[in-house]
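In structure tokens below, several structures.
In the two complexes that follow, chain A is the common piece, with chain B as its partner first and chain C second.
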Partner chain A sequence: MSIAPLTTDQSDALQEVVNIAMGQAGDRLARTLDVFVELSVPRIRLVHVSEIVKTVRAMVNDREAITAVRQSFYDHLRGEAIVLFGASGCLDLAVLMGYATDLDALGEQELLLDVGNILIGACISGIGAQLQADISFYPPSIMAEYASLDRVLVPENLAWEYSLLVEVNFTLENSNFKSHLLILMAEEGIESLRESLERLMAAV
Partner chain B sequence: MDRPTPSPELLGFIVDRVSVGVFVVDRDMNVVLWNRFMETNSGRSAAEVVGHNLFESFPELPVTWLQRKITNVFVIKNFSFTSWEQRPYLFHFRHNRPVTGGIDAMYQNCTFLPMKDADDEVAYVCITLFDVTDTSITQRMLRSALKSLAEASNRDGLTGIHNRRYLEELVNKEFSRAQRYGSMMSLIMLDIDHFKRVNDVHGHLAGDEVLRNTAKRLRECLRDVDTFARYGGEEFAVVLPETPLEGALIVAERLCHAMGSNPITFGDLALPVTISLGVSQWVPGIPCYEELIRRADTALYQSKANGRNRVTIYRE
Partner chain C sequence: MSTPVTIVDDSSLSRKLIIKALPPDWNVEVTQASNGVEALDACRAGKAHVMFLDLTMPVMDGYEVLEHLKREGLNSFVIVVSADIQPKAQERVRSMGAIAFLKKPVSTEQVAKVLKDYGIL
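== the complex of A and B ==
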């Protein structure tokens, strides 16, 4: 399926929407965790499936083993979000999230799912609110634990050709914690996003 | 978007009768709705629970964690979830498989839904609780089957010790560790002397018993950290991690003695069985794990050539 790229106006509007949404997400996360949360300026691009691994690898430190949580969202916007966690710093979050500090393997999984869900939810709900699009979520699941990126994203297993990729990096004040949030919307999702953007632009 | 609204009676009926736990709390963690599923399973009626603090009614709940979880939904205004795979249940409810379950409580998946008011603030959090006991039991059976399958594929059927596939995997792993950290590692290859003769003279059942008994005796001489495997036919191998050549030599002598000192009994027969052994160790410069095996094998054939029932160390 071929896909028409977003027009300049649509791209600008989306960048603006995402910037505002992420600002709010950072604020809500900071209030929840009670620490300063730093977010990078979101980068948005259209990627072909063959480039997804290369693109993501460029964002994360390739040598590090990756732990990833994925979550689907549906309703007026439809896609999947992936949070890639670095190998270190996750336990710093345990305390902030009200978890015990002596986590076993399952406790750590639950923490990662919780953190993944919060990052994804804060960002996507923010985008939804800007676009006045209702969004619902499926439960998050662990996609990989301490695996190499090639095993997390296998192009042959991906049933889309083009996807819109929104990339944001998170870091926490006084912590090694860092994570990368990827929001992926494949062809069908892009079309409904385009409609939402058009509605927004018509309204202002 | 407008959509037709069903009557409150109909909605009330569904919420009450659906086979899913549904309850709602406000910002102060007071319960405002408690459906029939929750009543039946908790043994606490809505009249007892509604209007009261959730944690006062159920002090056994994990307060710190759950309060935080619900608070996050109010602040972040977003869905939240728990899965049985990490946290089997929120409430300790009886499950519907008292006979065939083999578990102690209903397994639950929970969803925390933010319910927003007109000002877009979260006024309530609605928690839905799904009984996933059946799913969890199926999953556990599947996992345990996969585990035994993986275990079986590493074992030799006749002797019950590890097989060659597993051994090679392990030698490779230990070899890489030695390459990386310079840690010590030794390998013993051993072979039952004149095994073909046992088969030819006493039959294959006797031969099988000799293999089984040899494996059992040798296993008893080894440490838990050592890996002992049937390499093929009547040939066995021992991987000794963190062990220098001198240590491996002592182990090899012990193995040799364990076999030679007592015959193996098979029915009325007492079969004297001896083994020949070869020992090699990892040294810097060995290119691959196969070379380590080849060296131990070379030493083993020297033991054979020198009259069997003995240990030889590989020398270049």
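== the complex of A and C ==
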């Protein structure tokens, strides 16, 4: 089964909606850490599951080990969000959050779950609010620790064939910390998103 | 006489939303720009007495536009309209010469208030 990509207008509208939502997420992170968060322009792609690693690798563009937090959402919009944390930035993050620098593995997991949850919650809720779509969340979980990207995104573990991929990244000024937020919406999720975007554009 | 206004945003939806939020009694000549380079061109051509400026854009972002305006001595009332709502982003653009910082999506009331505060409306 193949999926029609978003039209240019739909893609433009989604980019703007994501932009506003990531601004809210960045603001939450900035206030939590008391630092300046640099935001990226959202990237949107329709990907086949076999291409996901290649596509994300081109966006992430580094070879360092990754710890990933995953959280699924459902209701009017359906999909999952994954935050990829580069290993070298975790220590910087711990210092900013006021944790001890000799954080054990469990402490580090907790920290990344917290920060992942802040970013995903603010971003997905922000998208839902603009599209007037109710969204519920499953609890976040650690998807992989200190792993390479092809161990994080394993096609056999992804329950879709085609997915809409939205990528935004957050970097902190004067820090090694960098995280990528991936939002994946699969086949039927794309259709409800499409309808929501059309409604939004019709209202302008 | 109509006021030359340039709306700078890479998203056409966002530009439409800003145009829709302009006070209906304000007589304007609107120019649209989709990045900072186009914004500066419009400004040099006298089309930006007032500029509504997004921050996160490809090619040239809003911060760079503010720098260029200052360096080239170009005069424009710049109202930043941004999704990046961090307190430090707001401080930064104000220190770089923007007259106001409005959070997306903007309302007509917010725009009218800024324009009145600066005697533009």
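In this text, the second predicted complex is superposed on the first by the 193 of 204 C-alpha atoms of A that agree within 3 Å, B and C clash if a C-alpha of one lies under 4 Å from a C-alpha of the other, contacts with A are read in each partner's own complex, and residues count from 1 in each chain.
One rule holds for everything that comes next: a residue touches a chain if its C-beta (ideal position, glycine included) is under 8 Å from a C-beta of that chain, and two chains touch if they have at least 3 such contacts.
Treat the numbers as computed from the prediction; the structure is a model and nothing was measured.
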Mind checking chain B and chain C on superposed chain A, clash or fit? fit
Using the superposition on chain A described above, determine whether A:E16 touches chain B (first), chain C (second), both, or neither. second
Going by the contact rule set out at the top, does A:P140 touch chain B (first), chain C (second), both, or neither? first
Would you sort A:I118 into first (chain B), second (chain C), both or neither based on which partner it touches? first
Determine, under the contact definition given at the top, whether A:M97 touches first (chain B), second (chain C), both, or neither. first
Quick one: classify A:Q109 as touching chain B (first), chain C (second), both or neither. first
Rounded to a multiple of 10, tell me what angle the C-alpha centres of chain B and chain C make at the one for chain A, in degrees. 150
Can you give the closest approach of chain B to chain C, taken over C-alpha atoms and in whole Å, for the superposition? 12
Chain B and chain C footprints on chain A, overlapping residues: 31
The residues of chain B that touch chain A in their complex are 64-65, 67-69, 71-72, 75-83, 85-87, 109, 111, 120
Which of the residues in chain A come into contact with chain C in the complex? 9, 12-13, 15-16, 19-24, 26-27, 30-31, 36-37, 39-41, 200-201, 204
Which residues of chain C touch chain A in their complex? 10-14, 16-17, 20, 56-58, 82-89, 104-105
Residues of chain A touching chain B in the complex: 28-29, 31-32, 97-99, 106-107, 109-110, 113-114, 117-118, 121-122, 125, 129, 136-137, 139-141
